[in-house]
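Next, two complexes with chain A in common: one pairs it with chain B, the other with chain C.
Let's look at the complex of A and B:
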């Protein structure tokens, strides 16, 4: 019939993702291709650009997973940082090499979990060369999936009582649970597992994915490529979910719960589904965040982090995945990179510019955010996606309809 | 006409000390169009909400297709407060959520339109078919259900053509004129594959022409889908025109039931609700 859905959109999306990934690889390897002296500062591996790209990739997954819950299912939850913490710790605990455990957990006389996936796969595939790369990849992948699963399981049990609440009450309850999780992970009694309030480190990070030659020099950089790849896969999965029959049911719940229930949509089941899926991807992004900052420490996953992600979701547009992703990169670039010059005391012609000193960046940043929120009331994208914009233009130009 | 499809037995719905529906008994047979009428505040919508699982009745039983779907008896504080009859007759408690009742084959519309506003006409109907999907959410996310999905989309297109909304299928639901929104709400209810359709004031706020169209439409639904219809309505033209039988509620109590002619000539109904022409 006429309702045949075109495959064109999906093909375009896959091509766009592939092009983006290729661009990322190229961008971070330019410094290796060019002669050493002629590399511009911005393309050097230590440049802020790559920190922004990595953090952006991590945060965009966190933002999209929050958007799945807040934007698409209409459940105003503020537990994001808590689920990211669960993911980060699960990943860290399962990934620290056995050899390093005594050093990391020195306060507790070694770790209670003497096991890591990388070591386990190392015994199968070897630890050197290609075998080493395979065991690293598999170890990280399995630990990340488990990080998501642990977050999802916790979400299930938290969801049982909490999802009966609505709007603000749900937000307060999830916020509370996130704080409880944070406190529990800092508890001394759990030290042998969580390392108490100290950080867990020495696990594989993004730079572990750089391919090095025998003499230790980097042959191919993949440290920015890896978070992009993982985020892209996860966001694609969320997109597929949102456009499936379950995603449509989520949107129905967002728009009118009573009508959704009367049309046979089981509210409890679908809310739980959305909550757990969101927590799963928050857990994965938490694992990546731990890799980004190269350690896992509970005190980092504060309510402020949740608000940061919420802010990104709101700026991007509640109910728009592409909006969330774009807003993430803009937000991270603004807060970490573009406004840096405001923090430096600058002297022009012997006159010191007023206000410019450490911390002023955040003042300007807040003003920028306020302006964005004032002029884009529904976020950058509203509830539209990137392809929708092209579609509209095509229709205007084409049939004049 | 074959057997009864919906059976409401001694249903009482009491909110605190207020008895909204008092000892209601009604029966709907397959293929019938039955109307529930009565003055404002008589408890018509409450009765609907009890049948569809939105409220749990204080006492009584509702059976659908011969199976008990809702049952309750006064419990706790209600034991003392209960003012109705048949208090000791029911012992089970059965209170399914509305979605489970919809899955059994009972779909409803709302008094004030409750469409999913930002969704397109097509999606509104498509979402309603979600309750009949068999795939789990992983399979659905991975598009392993494309056959089922395509089948659903074809059915939506077919349904929209039947109800005459196919040409506006891509419009957002709220951009439709009022009469068409009502029509869409009914189409959405039909998409859940019901055996019994409950319409809560389908003609509310409609002008005479729209009402006539709706009357024809309900008749068409009965013919095309073999649907049993149970409706609440204030437009007497519509009610008298299409109903096979009518139940009349007043202050929560059933005061009459019968064919449209019987109701029109029933003195109690005339006093309570219909009234007489001033010059008579």
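Let's look at the complex of A and C:
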């Protein structure tokens, strides 16, 4: 799924991705296939499972993009939330339908940007039936690519002064930029564009991708499939980049800057490339995050969010893409779903269990994270990828014969 | 004019409180080359301790106890989260610091229920005084003097005692200091103890002014104090104090204009400017990288 060194590997990876996507579609629509009433709670569309899958898909892209920078290039940047914010706002601003603009921007008497991609494509392909679906898909896709581009352009200008700094200074400077971006987007004077400190909403979200029949009932659910598809494409692109000559240059920079420079690697160019690419994908994941939470609001994209993503990367193993993806789903599932019971006051046989009440989940969770950070420093995967594990086993079997 | 004076006074006062936090950052960075992200949260915990202890104990007993417990916390954090990683890459230690900060914030949310808590009124410090026509609290007036006294004492400790000499040696060269028979671990612990004690004093002054404490209340003052330490030249104690006053005044000046949203952004913009133009800060020593 991850490393595509040979043709055979590439084919296997594509097949694995296709199988996974098909499984997601099946899982999502199983409630429509089974007779109503026999559907287990877990598979109902309102189940936590799907929220976890969607959020996991969004965060895995954010985590992989952070891993590209922190794990593969060795640039310790803490600006991820800032770039996600840029992506989220770009997407939101360009996607709110013109008809809804007055309602969303009511505090500022309408929006300064009276244009949305979905409407634009709607005039070409029509707004009903297949034409409507095409214009929705194209509108969202173009807005997402632009979201990434805006983040990348900002990253370029931020990178010019900042990338000269070393390790922890770089971290704190990127963190500072993320805070500055957050403040700018909350500025009242920019209200007609960014809606000030209020949220932007009413843009197409994941559930807009569910296909509905004429009477409004859902025929085919695609709301979980969509984030999976986008994340997969983006992560595949990052994999290709990492396995290219650029990727090898990134790794050389991570191992030893001076040696890499002596080998003829242009440090400034490659660092900037890594920084902008990472920002691009962070922007895309920010756009998806906005779709996931169905609004865009600057105050959500805090340093805590960056820390969260960083901790995911660490748990997965710094320098392992499959590790980051697995860690994301584990992290999101634990924090949103599996450990929920820790937050509820539970009484068994008339005895109230100690400690269990609101907030305990996060305490347990952060203790687990500290244990990983202190005692399992290499995370789940270290710097290995998923296929490496199978490869090693295959080779061992081969020598055994 | 009165407005300008009140802005300046509160700027100096907040600056003094940041200075007490910034010293903790700068000393730890000077010795371990680590941005101790958890330091802001230690400051917040000191605030919470103040609330809980003063609820059950008289103030004259509660405040010293706050100091003691905060010091213990700082000591434990260093022993538990940073010491095992002494030979690990710098990034691992920094991630550990972020993890500790996450843990402290979540634990504080669990214990307080996430609601803002109100800091107790410390008599005299919270009393109102009128200066140049503007009413303000006594703490505002006292902070700068208290800070100066503490910093002078600290300077004496660092420049004229055996422990201080060891600290300077460790900051200069970790390994050589070890070879010279300095007990690195105890020196690092002393650094954390001093930093935490100053943060505890800082929290008493700061939260007398801004009484609401939430579990994330330490994050921003912590970051600002760190910026102050960088502006002043990280590793230098007088630098941290000067930087903290600059940051405090800048922040209050920005807050008094219509650009209130940008008070933190301004702080960070200053940080980036300093890092780009003069990475060693105002008082930092120039270091050359060796291969």
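In this section, the second predicted complex is superposed on the first by the 391 of 401 C-alpha atoms of A that agree within 3 Å, B and C clash if a C-alpha of one lies under 4 Å from a C-alpha of the other, contacts with A are read in each partner's own complex, and residues count from 1 in each chain.
As a convention for this text, a residue touches a chain if its C-beta (ideal position, glycine included) is under 8 Å from a C-beta of that chain, and two chains touch if they have at least 3 such contacts.
Every value quoted in this text rests on a predicted model; they were computed, and no experiment measured them.
Residue contacts after overlaying the shared chain place A:358 against chain C, while chain B stays out of touching range. When the shared chain is aligned, chain B and chain C each come close enough to touch A:258. Touched residues of chain A, counted separately for chain B and chain C, are more numerous for C. In the superposed model, A:128 lies in contact with neither chain B nor chain C. In the superposition on chain A, A:303 makes contact with chain C only, while chain B stays out of contact range. When the two complexes are superposed on chain A, the residues of chain A that touch both chain B and chain C are 258. Remark: chain C residues 33-35, 80-81, 84-85, 88, 90-92, 94-96, 98-103, 106-107, 109-111, 113-114, 216, 219, 223, 226-227, 230, 261-262, 264-265, 268-269, 271-272, 275-276, 279, 291 touch chain A in the complex.
Across the interface of their complex, chain B is touched by residues 1-5, 237, 240-241, 244-246, 248-249, 251-252, 255-256, 258-268, 273, 383 of chain A. The part of chain B that touches chain A in the complex is made up of residues 52, 54, 97-100, 102-103, 107-108, 110, 114-119, 123, 126-133, 135, 137, 140-143, 145, 149-150, 152-154, 156-157, 188-189, 192. Put simply, chain A touches chain C in their complex at residues 70, 76, 161-162, 164-165, 167-169, 171-173, 175-177, 179-180, 182-184, 186-188, 258, 303-304, 307, 310-311, 314, 318, 357-360, 362-363, 365-367, 369-370, 373-374, 377.
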